[in-house]
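So, here come the structures, one by one.
The following pair of complexes shares a single chain, chain A, combined with chain B in the former and chain C in the latter.
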Partner chain A sequence: MKKRGRGIATIMFGFGYGEGFPDHSIAAIEIKEQGPILVKTAAADVGQGVLTVLTQIAAEVLRVAPDRIVLSAGDTALTKNAGSTSATRQTYFTGSAVQKAAEGVLALLYHYGSLALHCNHPELVVKDGRVYRYDRPDHFMSYQELARLAHEKGELLQAEASFFPRTDAPDPETGQGERVYVAYTFMTQIAEVEVDTATGLVEVLRFDTALDLGKALNPQAVEGQIEGGTVMGMGMALMEEQVIKAGITLNPDLTGYLIPTALDCPPFYSRLVENKDAAGPFGAKGIGEPVTIGATPALANAIYAAIGIRFFELPITPDKIIKALRQEQGTNG
Partner chain B sequence: MQIRLTVNGEERVVETTATTRLLDLLRTDLKLTGTKEGCGKGECGACTVLLNGQLVASCLLLAPQADRAEIITIEGIGSAEGLDPIQESYLEAGAVQCGFCTPGMILASKKLLEENPRPTVEEIRRGLSGNLCRCTGYHKIIAAVRLSAQKMADKGEGKDE
Partner chain C sequence: MNERIIGKNLVKVDARAKVTGRALYPDDLYFAEMLYVKVKRAVHPHAILRKLEISRAQQLPGVVKIITAADYPELNNFGLIIKDQPVLVGIGEKMRYLGDALAIVVAESKEAAGQALAQIRVEVEELEVIDDPRRAMEEQAPLLHPDGNILCRHQLNKGELERGLAAADLIIEQEYKTNRVEQLPLQPEAGVCVYDQETGVLKLWVATQWLHDTQADIAQALGIPPERVRIIQPVIGGAFGKREDISVHIHLALAALATRRPVKLTYTREESMITQSKRHPMIIRAKSGATRDGYLTAWQVEIIGDTGAYASSGPAVVHKGLYHCTGPYNVENVRGIAYTVYTNNTYSGAMRGFGATQLAFAYESQIDILAHRLRIDPARFRYQNAYRPGSSTPNGQVLTDSVNVRETIKEAVQMSNWPGGVEL
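This part shows the complex of A and B:
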């Protein structure tokens, strides 16, 4: 028989290293006499899209199209510490550092612009790669020309910034602290499943997500991360299991260690809640880990709703479901 | 030993050995690094190429098995100036995250759409089930294939007129 059930999970996730660790990111932006605007950051993109978002942030602050920006990502000769791509922190930390560096460069554009055009900075327009006086739009200087002006003075049209928010170590007795993490992301997910009581197979029919992320800098990428993270959580709930015996992994491959394929994954419906309550770039918060964590309890609850059995060990594989159903029948009958 | 094969429409003569994998011939000898190595044992689909029109895992084939064959790799699909509709759709649908699975996914999508120009969602899932992705939830990849089908159909109709 096929039985359906729905399960819900809500989580609150403090991101960044937190707990008083010296968590920070340093970024720099340089405008040269030629070529695109260079953003220097060590932030690593592993598929979550941080480099796209950093490009957007720099472009937004510097008032140019994103294709005017290039990143030197992970080049240790050019970049300084951005911290790890972990702890759901890169958009928040490096995003903030890039925003601050871009603001520094924007201020320099006003500075060199007012020198070159002999006016006060409120009289200037800085936009689309050009600087000009409000009343003389045809008489403009490009950002690159201002870089040349800076070089003539022996200076660089470059700004470096760091983002280094304070957090506090929690009290060892109570676990409490004034600011244990920089901010919190909130999420609720609902999973709908169909459990085949003959085979123990769980089919995930759909996932609905509501994510309070402050501000979605790139809504499509956010959805992508929700979907990918949820599928990792689904894998953890239903199939991913590292089998270790005497210190040796017995299934170090994708035939023995199963991860979800296109056949296993449901459609996703996501709602992004833009409730700005944190100091991230444009109000954005981190979402990487929270979106991987809710799926497992939501699925465990959905399975419970379908067949009335609680599982306390992951993954909830077909053999465990069959065994539990048989036991139940035994005790009932 | 020497083998002769056509790669992305270009005839190539390559000096190789009996134990070289097709994947290494492509990546190392021909410098076509768009084809990826995920698992190296036929489980993930990252190394997918088309060999005489069939989807194959290039990590499981030896180079001499491709003697006289016609190979299409991701480099043979579209170009930087003129993307293939499938590539365009992947971009538009947001189906590329880290991009490691993408070359194989796109070749699998191409093969699927060649055989079945209007696949259902279930047929798309089945058609891509040999290609693993760890970043997306496949949702946007499936959307990309549907969009490709739409684009190709629109183009086809344009031709008829």
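This part shows the complex of A and C:
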């Protein structure tokens, strides 16, 4: 028999290293006499898209098209410490550092533009790679020309900035602290499953997700994270386990260690709760880790709703389901 | 504010290179005269190395160099938070899991390096293998590390637990066990190292989630200044926490230093799974109390995290779970303790969610059980207990900005046509 059920999970995640650990990111932006605008950061893009988001932030602040921005590849000889791509921190930390560096460069564009065009900020327009006076839009200077002007003065059209918020180390006896993490991300997920009581197989039918993220800098990338994170959580809930007995891994390969495939993936429906109320760039919070946390308990609760049995050990594999169903039949019969 | 680019679906800047195959991952890099590296791993999960016989392997055709701990007596241990992991296990020293390195083979080809591995003879004195953290915590258990098997202990104490339990009409106590999960980035660990003899700089093309931390850890292990290690980030094929730890890095540096030639090391999937970090398996005992009308009054947890053979991120992961033990729900009275424990299993470290993932399975199960037992709709039960501005976390952190957890419950219930059509 196939039985359906829905389960809900609501989760939180305090992001950044927190706990008083020094957590910061340094970024720099330079406009040269030729070529694109260079953003220098050591933030590692592990596929999540931080380089894309940083491009958007720099382009937004500097009022240019994203294709005018180039990010330097991470290189310890050329870039300063950005902290790790972990703790759900890069958009918030390096994003803020890039935003501040871009604001520094924007201010320099106003500064050198005012000198070159004989005016002050209120009379200036800075956008689309050009600086000009409101009353004389045809007499513009490009950002690159302003870089040359700065160079003639022996200066660079460059700004470096860092983002370094305070957190507190919790009290060692009580764990209490005023600001243990910079902020929290919240999410609710509802999973619907169908459990085959003959085989113990769990089919995931759909996932509904609502994510409190402040602001989605790139909504499609957020949805990608939600789906990828949820599938990872499905693996944890239903199939993944590296089995080690007496120190020896019994399944060190992808024949013995199963992960969800595209065929296991249900339709995903997501809503992004965007109140722009966080302290990250443009009101954003981090989302990389929280999006994997809800799936496992949502599925465990959905399985309970479907067959009335709770599982307290992960993963909830078909053999465990069958065994539990038989035990229940035994006690009922 | 009218943003032009923020909030838009800009195509990922690296998408084109990735889908057309132009993106270069570390294993795609080749240098002239490049040598291939393989690592001889521990032959027993817990043993003292008594003898390491490399002479036969050394004589095989194509083998350029075999490096053991005896060649570099000045090497320091490495590790993300605590430096407890040896670069190479020396004679008379302990191997603590099957990923420990005994020797580094450098050869003209992968095949020659592989053949040499099979010809290295190892003699060990076997010790008790501890694969259960509860056994590791017993007083008479053999010590895996000199300071004891309990790597660290963290506590939470908010409000008065006993008062909270006394105020509860229903108390649910349950033990949960979470699984050892592999992060499984598609690209196994790989890297290339070139030693620049003029500048004395080791250039490494290796994946890492934190360039400067990896640079610092390699440098301190070798006993050289960080500026003599240059990390150049190639394209990374996934990470999920697994690329926080040192993997190929220091072995590559030693191979390049010893041979003065470019060297490459790529793990097999099996090697990756056995050698590199995992999500911590946790044993979580949770006790939760609520009133008849569905308000939480008390929450207690005890967590034992199996951190395996080495600390890695363990000292940070397990108690991050502890600090998230109630989930996003108002509980005035919280007490908890978390133990991070060494075993002879593959070490546990960072994985997406960093302890908070394991705890969510426990707290969201507890919440669901309470709701069902109290005959309150599980969504409503969550909603009425969820944080709002001014709420405080298990750490006592008062939340002021961006606390929209109740809105997420409302939205998810609405979009999924939650049965019962609960009014929130």
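We adopt the following convention: the second predicted complex is superposed on the first by the 333 of 333 C-alpha atoms of A that agree within 3 Å, B and C clash if a C-alpha of one lies under 4 Å from a C-alpha of the other, contacts with A are read in each partner's own complex, and residues count from 1 in each chain.
In the analysis below, a residue touches a chain if its C-beta (ideal position, glycine included) is under 8 Å from a C-beta of that chain, and two chains touch if they have at least 3 such contacts.
Just so it is clear, the model here is predicted, and its values are computed rather than measured.
*Asks:* Under the stated touch criterion, which partner chain does A:Thr255 make contact with: chain B (first), chain C (second), both, or neither?
*Replies:* In the superposition, A:Thr255 touches chain B alone.
*Asks:* Just chain B (first), just chain C (second), both, or neither: which does A:Phe312 touch?
*Replies:* After superposing on A, A:Phe312 lies in contact with chain C but is clear of chain B.
*Asks:* Where does A:Thr209 make contact in the superposed view: on chain B (first), on chain C (second), on both, or on neither?
*Replies:* A:Thr209 sits against chain C, while chain B stays out of touch.
*Asks:* On the A-aligned overlay, A:Gly247 touches which partner chain: chain B = first, chain C = second, or both, or neither?
*Replies:* Touch status of A:Gly247: second partner only.
*Asks:* Would you mind checking which one, chain B or chain C, touches more residues on chain A?
*Replies:* So, of the two partners, C touches more residues of chain A.
*Asks:* Scan A:Gly49 for contacts with chain B and chain C and give back first, second, both or neither.
*Replies:* both
*Asks:* Please indicate which partner A:Glu227 is in contact with in the superposed arrangement: first for chain B, second for chain C, both, or neither.
*Replies:* In the superposition, A:Glu227 contacts chain B only.
*Asks:* Jot down the residues of chain A that show up as touching in both complexes, chain B in one and chain C in the other.
*Replies:* 45-47, 49, 220-221, 229, 232, 253-254, 259
*Asks:* Can you list the chain B residues touching chain A in their complex?
*Replies:* So the residues of chain B in touch with chain A come to 39, 41, 43-44, 94, 97-100, 124-126, 128-142.
*Asks:* Quick one: which bits of chain A touch chain B in the complex? Just the residue numbers, please.
*Replies:* Against chain B, chain A makes touches at 45-49, 220-221, 223-232, 253-255, 259-263, 265, 267-268.
*Asks:* Residues of chain C touching chain A in their complex?
*Replies:* 1, 3-14, 44-46, 97-98, 129, 131, 154-158, 174-182, 184-185, 207-213, 215, 226, 229-233, 236-241, 243-244, 269-270, 273-274, 278-279, 316, 319-320, 322-324, 327-328, 336, 344-346, 350, 352-354, 356-357, 360-361, 363-365, 368-369, 378-379, 382, 386-387, 393-399, 401-405, 407-413, 415-416, 418-419
*Asks:* Could you list, by residue number, the parts of chain A that touch chain C in their complex?
*Replies:* Residue list for chain A touching chain C: 6-14, 17, 42, 44-47, 49, 51-52, 55-57, 59-60, 63, 66, 71, 73-77, 79-87, 170, 172-181, 183-184, 186-190, 192, 206, 208-212, 214-221, 229, 232-233, 235-236, 240-249, 252-254, 257, 259, 269, 271, 273, 275, 277-279, 281-282, 285, 288-290, 292-294, 296-298, 300-301, 304, 310, 312-315.
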